[in-house]
Every structure is written in C-alpha cells, then in structure tokens.
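In what comes next, chain A is part of two complexes: it sits with chain B in the first one and with chain C in the second one.
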Partner chain A sequence: MKRACFIFLLCELLFLCTILAGCAFRDIDKRFFVVAMGIDKSNDEKRPYDVTLKLAIPSPEIRPGKANFQIISEKADSIPEAVRVMKSKVDKEFDFGHCRMVVFDEKTIRKNQGFTINWFLRRRDIQGITYLGIGKPSARDVLKARVQSERLPGNALILSFDPTTNTSPYIMTSMLNDFYMRVREDGIDPYLPIIEPIKGSYNISKVALFAKGTLKADLTRDETRILNELMSTDRRGQINVASGGNQLFVNVDDLKSGIQVMLPKGEKPYIDVHLDIKGFIEGSGEKLATDQELKRYEKIAGATISKRVKRVLKTIQKMEADPLGLGLRYQAKMGATEQQTKDWERIYPNMDIRVHTDLKIKGTGTMY
Partner chain B sequence: MEELQKEINCVKEKYDNNPDFKVHRFEYFEKKIALIYMKSLCNEAQIKKDIIEPLLLCEKQGKYLLHLLSMPSCQHINASDDVEKLLLQGNALIALSGEIYSVDVRKPTNDQPLDATVEQTVQGAQKGLSEDLTMNMTLVRNRYPSKQLKIEQQTVGTLSKTRIAILYDVDYVQEDVLDEVKKKISGLKADIIQAAGQLHNYMTKEKYRIFPTMMITERPDRLALNLSQGKVVILMNGTPFGLVAPAVFFDFLSSMDDKTLPYWVTRLLILLRYVGLLITIILPSLYIAITSYNPEIVRSQLALTIAGSRAGVPYPSFFEVLFMMFAVELLVESSLRLPKTIGPTATTVGGLILGQAAQQAQLVSSIMIIITAFVAISNFTIPINAMSFAVRCARYPLIVFASFFGIVGVVAGLILLLCHLSDLRSFGKPYLKMYWGTTDKMSKVRESRKE
Partner chain C sequence: MARYYFFIILMNMTLNIILNVPMVLVENRFNGSIMSILLSIPIGSLLAYLFTKGMSRFPKMDLPTILENNLPKYVYKPFLVFLSLMWIASGSFALISFSYLIKTYIMPEASLELISGLFVFVYIYGAVRQTASLLYKAEITMVIAFPVVLFIIFKAMRSDLFNYVHIVRMIHFTWELPNYSSVAAATYLFIGYINLAIFNRYIDSKKALRWFWTVPILGTGILLSSFFVPIGFFGINAIGDIILPWLMSADSLRMQFGFIERTVFLLIFFYVLMTFLFGMVTWHIGLELLKGAVQSMKKKTWGRSFLLIVGILTIIFQLQVNHREFSSIVKYWFNFRFPVEVLLVIMVYLFSLRRQNV
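And then the complex of A and B:
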C-alpha cells in the first residue's frame, strides 16, 4: 500500500513537472541575449547615462548579413538603473552571459573610468574577457551599424578584437579585466581602441590613451601599430621601411620587444628599447640579389624602424601616458611607495629614449 | 533391495499416467528384465545400441553385467540414491535380477555452438556457446586445455533443477571469490532459474541494482581468457551465456577485438568507447543544463543557434529531452522484439518520422535531434549488452538533476554516480578497480603461476 502510494506520488510529480515548469527554469529561447552594450553621455543633466543594448534575435537559419538584432536605449542616472528600466521594454529576460562588447563614447569614459565600469565588474554574468572600446561618433552608432559579413549579431566586433581571427596590428584589444587593472594600478595607464562605423563594416585603427585618470588623446594609425608591436601582442603585419628611393616592405614573422627603464648612476635615466624583428621581404622597388645587399638593407631598415619607434614613444611621453607600464618597471627597481610614484611622475617626462633594432631578413620571399 | 523396488513402484505409480514414462519388460536369461526411462528425455537409439543389442549378443548374464558396468556412464544403484532424480536427469534404469543399474542416455538438446550474435567481433571467433552444458564445457575445455582447470557441477532451482558448472583454474583462482560464489550458489532460494542473468540477479544481495556485477558473455574465448585471469566461470544448461565473477566496470568496456587488432587501433577503439560512454550518459542532461540554466558556457555562436532552433518549441527543454529519449527507447525496444524481417521497417519509419517530422512540427529543436542520434549511437558502442542497458538507465537520474539544478546538478549527479560505482563490490572486489586482468596483464606470459 505504502509502495503504491509512493509510485503514485512519483508519477504525479513527473506529470506536474511537464506542465508546471516553474519560474526559475528559463529556457534559452526565453532569454534575450545582450550581445553588445553602449554607454553614451546624454544631454540631460539629471540622467547622464544613455545606455544602449544590442539584443540578438536568434534565428534557426544563419547566413551572412542576416544577423537580426534589436536596439533599445534608455537614459538614466546610472547604468543599472537604465538596465532595470529597459527590462520593461522587452518581452524576455536579459541575459548578459554573451555580452562580449562594451562601447563607451568619449565623454562618458573621459573621467572616472573606475566608477563607470564598476557595474560590469560586479555583474557575475558579464565576462572578464569582455572587449572594451570607444565608439565614434557615439556608442549607439557603433551598435547600430549593420555589418555585411556578420552572421550573428555583434559577432563582427568580437571577431575583430579576437587576436586569433584578426591579426591586424592596427587593432588594439582592451579587455575588461585588463582595463580595470590599468585603471587601478599606479605606473600603468589604460587605453581603449576607437571604433568607427563605416558603410557595411567598422574601422578600428586608432587607440585612445589615458593619463592620470583622464582621456588624453588619440594616436594616429601608424602610431597605434607601433605601440601594438611594442606591447608584444601576437598581432603583426608588414613594416614599410622606405630607404632612400626604395620602398621596402618587410613581412614580420617574429617580433620581440624588450623595454627597460635604465637608471645609471650620475647619468640621466633613459628608456632602453630593444626590438628583435625577423621577417621576409614582401615587396621591394629594387632588385635584391646578394646577401650583402640584404645586410645593407637590414641596417638601413633597422635604423628607420628605430627612428619611428622613438618618435612614437616621444609622443606618448609628451601625453604623460604610460600604456607600456614603464612606471611598474621603475617600481620594480626602486620600490612601490608613494615617494617613488611621485619621483616617477617627475622623471618620466624628461627621460631619454634609446631604441635599438635588430632586423633580420630571413629571405627575399618566394620568387619564380 | 526391497526398498529400491518399493521406490520404483512408487515412481511408477506417480508417473503411470504420463505418456513419456516408459517401463519396458521382457525376459532374458530366463529372468525378468525391466527397462525404465523417460522417453522424452532419453535417446532411444542409444538405448537400443548400448543396452538392448549387447543383451542379445551376450549368452550369459555375467557377461552382460560386465558390459553394462564397463560403460562409463553406468552405475550400480544403492538404496540411498534418489531413483526419481536419476530418471528425471535422463538415465535409463535397468532392473536385472534384483539389482538396479542406471545408464546415462540423455538426449542432448541444442548442443550446436550458436553464432555469436550478441557480442560480435570482427576478427575473433565467430561461434558462441551452445545451449547444452556438456557442449559448453567441451568448448571451454578446448580453449583452455589446462590440467589446472577444475569443473564442479551442481544444480540450482528447487523446481527447475538446472544444471550448472563452476569452472576455475586451480592455480590462478582467488580463493575468497570462489568461496563467495559457492556460498551464494548454495544459498540460492529460487524455484526456476533458466537464464544466466537470472542467476546473477539471485546471486546479488542488492535488489535494486543498475550495474551488472558479473560479466555475462556468450563467447567461449572470453571465458577462457577470464579463466586465465583467475576468475570464476559459471556455465548453465539451457542458455548460451556464461557468467564470470568478479567483474570490474572496465571489463564491460573491453571487447574481444581488443586482442586481435594492433596496439594503436585498439587504443583508439577503447578511447572511442569511453567517449561514447560519457556522451551517452551526460549529453541529454548537459543539453538541459545549457539551454535552461547556463547558456553562457557555450560560445555565443552556438548559444544563438540553439536559441534560434528552439524558438518555436513550446515545451521546456527537459520535456523535449524526455520526449526524444522516450522515442528512442521505444525504437530500440521495438526493434528488439520485432521479427528480423519487419525490424528495418520499424526503425526506418520511426527514425524518419521522429527525426524529420518532429523537428518540422516544432516539437523538438534540430539540435535535440542531433543529440538524440548521438546518444543512441554512442550507447551501442558499449560491447557488453548488460552494461549498455545499465547506462541507458543511469542517464535518467542525471536528466532529473539537470532539470532541477542545471550544470551543478549534472556535476553533482555524476559525483553521485561515481560514488555509487565506487561503493559497488563484485564478489568482494572493488567495482572501479583499474585494469584488473585487462589487456596488460593478459598479454604477459607469467613465469610464476601464482602471484
């Protein structure tokens, strides 16, 4: 009797399960995936945050250019408030688990970056590997842009920032965790890539540098590339080393950069940059036949590269920005007290920069 | 002798109405001779050849008796022997001048080795056991011609009196296992035992059991191999399956093909089976966990694809999974029961309708169809059928856990399953013992026999 009762209860439970799913149980199709977020500064004084969400509309068929999405935005006094209000605008629950892209506009991120990204750090469903960027002219314009090759909404930006799918040296990748570390840490400054929507795609080739907690300035495209190479990312491309009348392109195979803060006694401190580049020639205006010619070009090209790198570092130094973390290297040598931090701030703008490039041309490329 | 005569009379009265009970009386040597046997159990041609014909050739009673007793299966019956039992075992009783002799003239049933259909191999032996115990013992002896092989015979089942044989290698066998096997067999309380699996059920304490703790196999080569590993083999009359004890979990995932194929091929196949095992256990529950609780753990591309294909499905994911699992189980079960000629029709109809139409009707998502197929196919990679069935059952608790607690539930369920498996004992041996008498040990020819 007891047994029969138990079996009956079990059957009843199973049956109820099938018809009463409950509210904690939310299927994947009952969630709205936020694939990208944009934070703009609004003109409204009381509600300064203009938050835009890019919501993916999933479809069983996936074809290029057919990525369906929905854009909603809301102004509020804070980001969480905006998200809360926006929930009333959609039919399903937001899921930030796949929000891999957060775009700010220049005005929002100019000051108080730590406070702005606080919400993203505290939400457990927003991943630490979320990419950050600055949208121009505004974050919403970036989210609104429809990319021709995009198969899934928001995927084009993620793929662009992923170093395994896009190795362009002009794209600098900034992730949430890394950005937060740079904001909090003395002796290293954050940076954010600038995303500009163009027709059917995005243009990501510049980077904005921060110094002393504020957004300083943008680097140009070529400066961005050199900074990217100095940061020893896996992104590499060709280097155009014009020498004399000859346009020489070197396809970089391997690039190692060693940066050191040198503090010789009784001398002016300087930054020592050592670049080790290995590559093949990809284009040359002149005929390259002998090893001697190659050696000559190696020398000339090396000098050209050194000069360029020095110029870029000078520009960055002038901004007093420190994306390379030179201040941390100084701290590693001298200690990390408040006094040392102050010392560094005094020393850094006047430091010499010495760049040495070892260019090794491994071959002239495939010739038939 | 009067006692014996009385008993025969008693038996005669008991069986007189049975058409197959035969009492044949005739006179020779000027004496009455009676031949008593069960017609349905005995080979009458053999009776004629071994008992009647020599009688005609012998001119003296003494010579005939000599002939009778010279037959290996003949015995002189003492009063204490159970006449009835002998008759029912297929012996013919010869009553001659007050003495009774019994001769084994049993009619063999199905003593041809059957094709190995349940546990096939590509390059191994193609014949399995037969349904006759004597033949099976012959098969094993042929494959294991060792003087250390010991065979003990007895019967189980108070009504069926099924003959079983316990085989082991005297040198290799683990005494504790052998003792336990014997103890369990002597303690059996069952009326009818007709199959190896049934004997297994009666021999295990636990009533609610999922995983088999004894290997059931139809392959004489596996039996011979297991004998060399020091295991105890139980053969049973009337079933082409033998039981092996003890058996560990990993034995159930080894196929006899593992011995015939090259090293790396074998490794790949073994790996394949374990991956298949994992897939068939966790994939359905993982689907529930991912679609309903933790969609962030998959790539956004996949998450959106799943979301897209589930968009039109009205029921929650666990319903979808249960529905498809149910359909597949039905399909497997029906193709098992159907005659071989109709079998393909059922699978085609079932497969097509369930696969294609259910997805088009938006009852299940297309991802679910893939998962269903995956789970079903990978389940069939498990070489021993008993384990394959066990794994089929084991995934349902996981589905329940996943529907209530998501990924955490799946992990907790797997841990529980692991706990259960490590708690299991097969005749005193830990069930999850690694590599107990598997390939490594077998391939080595051991110098000293006893370890």
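And then the complex of A and C:
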C-alpha cells in the first residue's frame, strides 16, 4: 500500500513538472513595468496620437532621487496601435499592472473622452483607480520631469494624488472609473487636474472643467481649492478669511458640505449649499481673548467664506460645467429620463445660488 | 447539523453576487428589474420555506428515496436523471463564467481549456467525497470567505466614489412591470435550499426552520447590494457598458493600508474558493441523484467516469461558444430553471402532506 502511494506521488510530481514548464507565465525580469503613460496630440494628421511610456528601470538600491526610468514614444492612429509598435523598441514585454498615472494633453482630451479612455478601461491590467491628469505644456514633459525626492520611478505623481499622503486641498484627484462615469452620465461632468512640471518637482494646483463633452476652461488656484472642499473629499487645509484689517487663518479640522437642488413651487429654483466647518485658528493679526470676539469672527469669517463659495459656483455655472453632479441631484428628485435632462439644461444656467456657512472656531492654538 | 443549511444557502447567495445574476438584472434595469427583485424576495423565500417544510417531514431521507416511495418507476427515474443534469449544468455554468473571469483578470496568458480543466479536476475531487465532508467544507469556506465579501461590500459603500444619488435615480424606475427573466434570475439567489434534496440525510431541517427568518433578510440584503452597489459607482447608463459590474466596482476601490492594493484580486481569490465549493456541491448532488436513478452509478469507477465525461463536455461546450453566446444560453437556462424549481418544490410539498395524512 505504501509503495503504491509513493508511486502515485511520484507520478503526480512528474505531472506537475509538465504544468510548471508550460503555464505561459513570464518571469518578472522579462517584463518592463510601465509606470506612467502620456498621450499627446501630434501634428501629423494621419497619426494623431503621440503616446509616451515611462518605463521603470529596476535598480539594486532605492534612494531618493535615484529613480531610473526610460522614456519612449511613438506616433500612431490609435493608442493600442502605438503601444504595439512600441513593443518593437524594447527588449521585454510591457506590463501595465503598475501604470497608475495617465497624463493627457489638452488637445487629445478636449473632445471624445469616452473613446480616448476606452482602451484603458478595456485592459484588465490597468486599474480602475488609475489617476488621470492633464499635462502642461504637454504630457511628455510631465513624464520626462525628474523629481528630486522620488525613490521609485513615477511614484511622485501617484503620491501627490493619493489623499493619504498628500492632503493639499489644491490637488483634485480624478480616477479612471469615476471619470468614465462622469463622461457617460448626463447631469455630472468630468474634471481633470492640471500637472505642470517645475524644476525638481510638480505643481498641481489647478483643475480643468469639462462641459457638454468638451474641455471648457481652467479654474484658478483658489477656485480649485473651494471646489475641492465642496466635493467633500478628505483633503483639508487652511482658509484665509481676511475681515476688516485683520488677517485670520483657520485650520480646517472637519468640513462637511451639503448641496441640494431646491425646487420650490412658484419660485425660482435655487442651489442650496450648506457648509459645516470646524477648525482652529492658526494665525491672527489680533489677540482673540474673549468668547465674544471669537463669535464675532466666526460670523464675519462665515460670511466671507459663503461669498467666496458663491462666486466660485457662479463661475462654474457660467461655464455650464457641473462637476458637483447637481444635475444628478435634480434627476434624483424628478426622475432620470431624457425629458429631465433637457429640463435641467434649461434650468441650470439661471439658477440662484444660496450659500450658508456654519463656522465653528474650536480654539486658538497655544496663544490668545 | 442545522447550521449547514444556512451555509449552503449563503454560498449560493454570495456566489451569485458577481456571476450571471446581476448580468440579467442590469440588462433589464429600465424594464422592471427593481420590481422583479422586490417580487422575487417573497417568491424565493416562499419556495425555500415550502421545500424545507416538506423535507422536514421526511427526516434523514433524500429526494431519490422520497420520489421512489411516491411515484411509479417509469416516472421518477427519468425525472431524477433530468434533475441531476440540471444540477450539473448549474455547476458547469459557474465553472465556465468563472474561467472567463480568471482568464481576463488573472491569467491572460493561460488558455481557457487549461483553466477550466484545473477547475474540472477540483470539482470531481470534491464531488466524489462523502456528503458529510462536503458540508464541513461548506462551513470552512463560508466562514473564511463571507466576512471578506461583507468587508468589500462595506468598503464599497463607504467609498468616496460611491454616489447614493445614482441609486435614488435608479429607484425612479421601480414602477415598471416586472419581467419574467429578471424574476427567474433573481430567485436563483435563493436556490441554495434545494440542495437539501441530498443534504437532508444529514441536516435536521426541522431545526433549520426555526432560524428560517434569516433567509429573507439575508437574501434582501445580498440581492439589493448585488444590484445597487455597481450602480452607485457607475451610474445608470454606464453600468450597461460593463460585462462584470461587480468586478469593475471592486476595481474602483483601493486598500491603502493593505498589502495588496487592488481589491479586485482579493475578491477574485475568495470567489475562486466559493466557486470550487459551489461546483463540488452541485456536481456531488448531481451524481447522488443519478445514483438514485441508475443503480450502476453506485460503483466508484462509473460515477467518476460519468463526472469526467461531464467535465470534458463542459470544456468542449466552452470552446464552442464565445462569451456572448454563453451569456444568452445562461439566460435561457435561468428562464427554464425557474418552472422546474417550482415544480419540484410543489411536488415535494404535496408528498409531505400525503405522508402526514397516512
């Protein structure tokens, strides 16, 4: 019996060996990891897509600023075609499993976003949480930039867009799956952060808004921050509320935004924004000793914030862009058929915006 | 042993979150899917209750014995063969859809035949075990996998990209007439109870009835999350572009602090475990039912070679059809399965009433 068992095991081992050899797996040293992709529009009309790949070159030591990479690019009439042609330029197989960053230039993404990102969605190895952005002056310049603190190639951009590592409220994060949802649904519009390479790093502080399927315009840095706060992400920062002669900085601990589309009968429809902010004072020109003073500043600062938010929303409304999904909220109230989409397009440009801010200053730090 | 009843039911519900059921529901989302879901909860629970109640009057007996006692020979034997084929088909369909999934997400370089071949081997290995050890396996797998699935559902609902607005928009389409194929697909979630046909030998169904109220609750939660969570991520239009909505939704999640960043791999890993279990259970029951009809199947070699032939047929079937054809075949199968299920349940319930009178 024992002997039969032994023979059986031996046969099994031999059988397993045959599987091991032929499972069609490529080893890790036979793969080239693509860490970022850039898509530019080329001047060549027949081959409009200029695709750039940032390939990681593994190095035995991981040290800041020592991240090695290689940039290759190719022009073709489509993205998959470009990638296929590029395979002949390298010695190994591309692996897109670590491609967490895709950068477009303004001209490629201006129209037909659904078609442009289709390849990324269809590939199973490109993750749904891939970050998207617009590169200025071009996507290739963003990929080429060498970041001084970078330990792994292409990691700096990913870390800046990750809200757990970088909480700057100026950085808007746009992910592939979410972007697709925004492109496909009526009543919400996509947005993309703008990445500008500077010496030794990146500057990401603006956002480009889309409306009705085309790239409309960029928001300024401060407008971007306010939009980001309205999106109720985890990103926090300081709010500068100048009131009178005093400069006051509030460090935001907790910010909740409630946005509603109000459709009162017989009245003009309006957008109701309610902001709940809790925070500590980080800087003040004056001494704030008493509770009355705090309460007074709460009120003044709240009014300033409301005014600012209203101005930003007006700007966005004028572009007819809808990154906050107000149209979806309208549909949630009225129904989600084509009729409602048409109605919303008529209503939205003329809507009033009412903003109410509840600012709670919890303390003033270590000083009065 | 009553708790195994719930593990089997849970297995069926959880597995169908990502496999073919949401495909049908999403396709009909504007034509009464929500109404069908709402209808299928009482229908599914009622069928489950009747069957369990019926089986509880036959303690320690399985379906072949019950049919043998109540029906003439030339009726029950073909019927058992037919039922056995239905069971085996459900396992095979899970195998085929899952090997497509593995091919797209995990091993794009391996061939489909290889993947489904490995599945077939595991299925056969499990299916020829004893019934009791399959029940133990069901418990172990579900205790490991179900919390992970719950965790992923919970994580999905807490995600920044999950918009409740889309769900509210979808709810506007509630008042549509329900359609048959959605009902047939949605009731499939509840069908775990039907494995009592063989497991009744070990499971004390009278005890299981005491906790029966958990079945509609679990079913409602799982069915609704299976349908609505992907819609929360992709909205009501974009969801129609996606073949496996749940996997794309899991791909929108990120485990910042986990050692695997991509949630979809975690999900697939635990679903592989569940697909193995599901296949083993369905093929085992298919084989046991066949044993009731054909005496010679009781021999080990006969049973095993039968399963081997079934496995080879499954692989050949998979090679013959592409993914679209396969999906439409699965839809037809759902539609066909529902009346068979109802027939079987009513039959068993009527027999049980007769038994009480005697």
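Convention: the second predicted complex is superposed on the first by the 344 of 368 C-alpha atoms of A that agree within 3 Å, B and C clash if a C-alpha of one lies under 4 Å from a C-alpha of the other, contacts with A are read in each partner's own complex, and residues count from 1 in each chain.
Going forward, contacts are C-beta pairs under 8 Å (C-beta built on N, C-alpha and C of every residue); 3 or more make two chains touch, one makes a residue touch a chain.
These numbers were taken from a predicted model, which means no experiment stands behind them.
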Quiz item: Sharing chain A, do chain B and chain C clash or fit in the superposition?
Solution: fit
Self-check item: chain B, chain C and vertex chain A (Cα centres) - angle in steps of 10°
Solution: 50
Exercise. Report for A:I158: first if it touches chain B alone, second if chain C alone, otherwise both or neither.
Key: first
Quiz item: Does the superposition put A:A217 against chain B (first), chain C (second), both, or neither?
Solution: neither
Quiz prompt | Contacts of A:V90 with chain B and chain C, given as first, second, both or neither | solution = neither
Quiz item: After lining up the shared chain so the two structures overlap, which partner does A:I7 touch, if you call chain B first and chain C second: first, second, both or neither?
Solution: neither
Quiz item: Which holds for A:G335: it touches chain B only (first), chain C only (second), both, or neither?
Solution: second
Quiz item: Which holds for A:P60: it touches chain B only (first), chain C only (second), both, or neither?
Solution: first
Exercise. Could you grab the smallest C-alpha gap between chain B and chain C in the overlay, to the nearest Å?
Key: 5
Practice problem: Under the contact definition given at the top, report the residues of chain A touching chain B in one complex and chain C in the other. | Solution: 25-26, 125, 127
Quiz item: Residues of chain A touching chain C in their complex?
Solution: 23-26, 124-125, 127-129, 162, 164, 175, 177-178, 180-181, 184-186, 188, 233-234, 325, 328-329, 331-332, 335-336
Quiz item: Of all residues in chain B, which touch chain A in the complex?
Solution: 290-296, 300-301, 303-311, 313, 315-319, 322, 366, 403
Self-check item: In the complex with chain A, residue positions of chain C that touch it
Solution: 104-105, 107-111, 114, 160-161, 163, 165-166, 168-170, 172-173, 233-238, 241, 248-249, 251-254, 256, 262, 264
Self-check item: Contact set on chain A toward chain B in their complex
Solution: 17-18, 21, 25-29, 31, 33, 35, 56, 58-62, 95, 97-98, 100, 125, 127, 151-155, 158
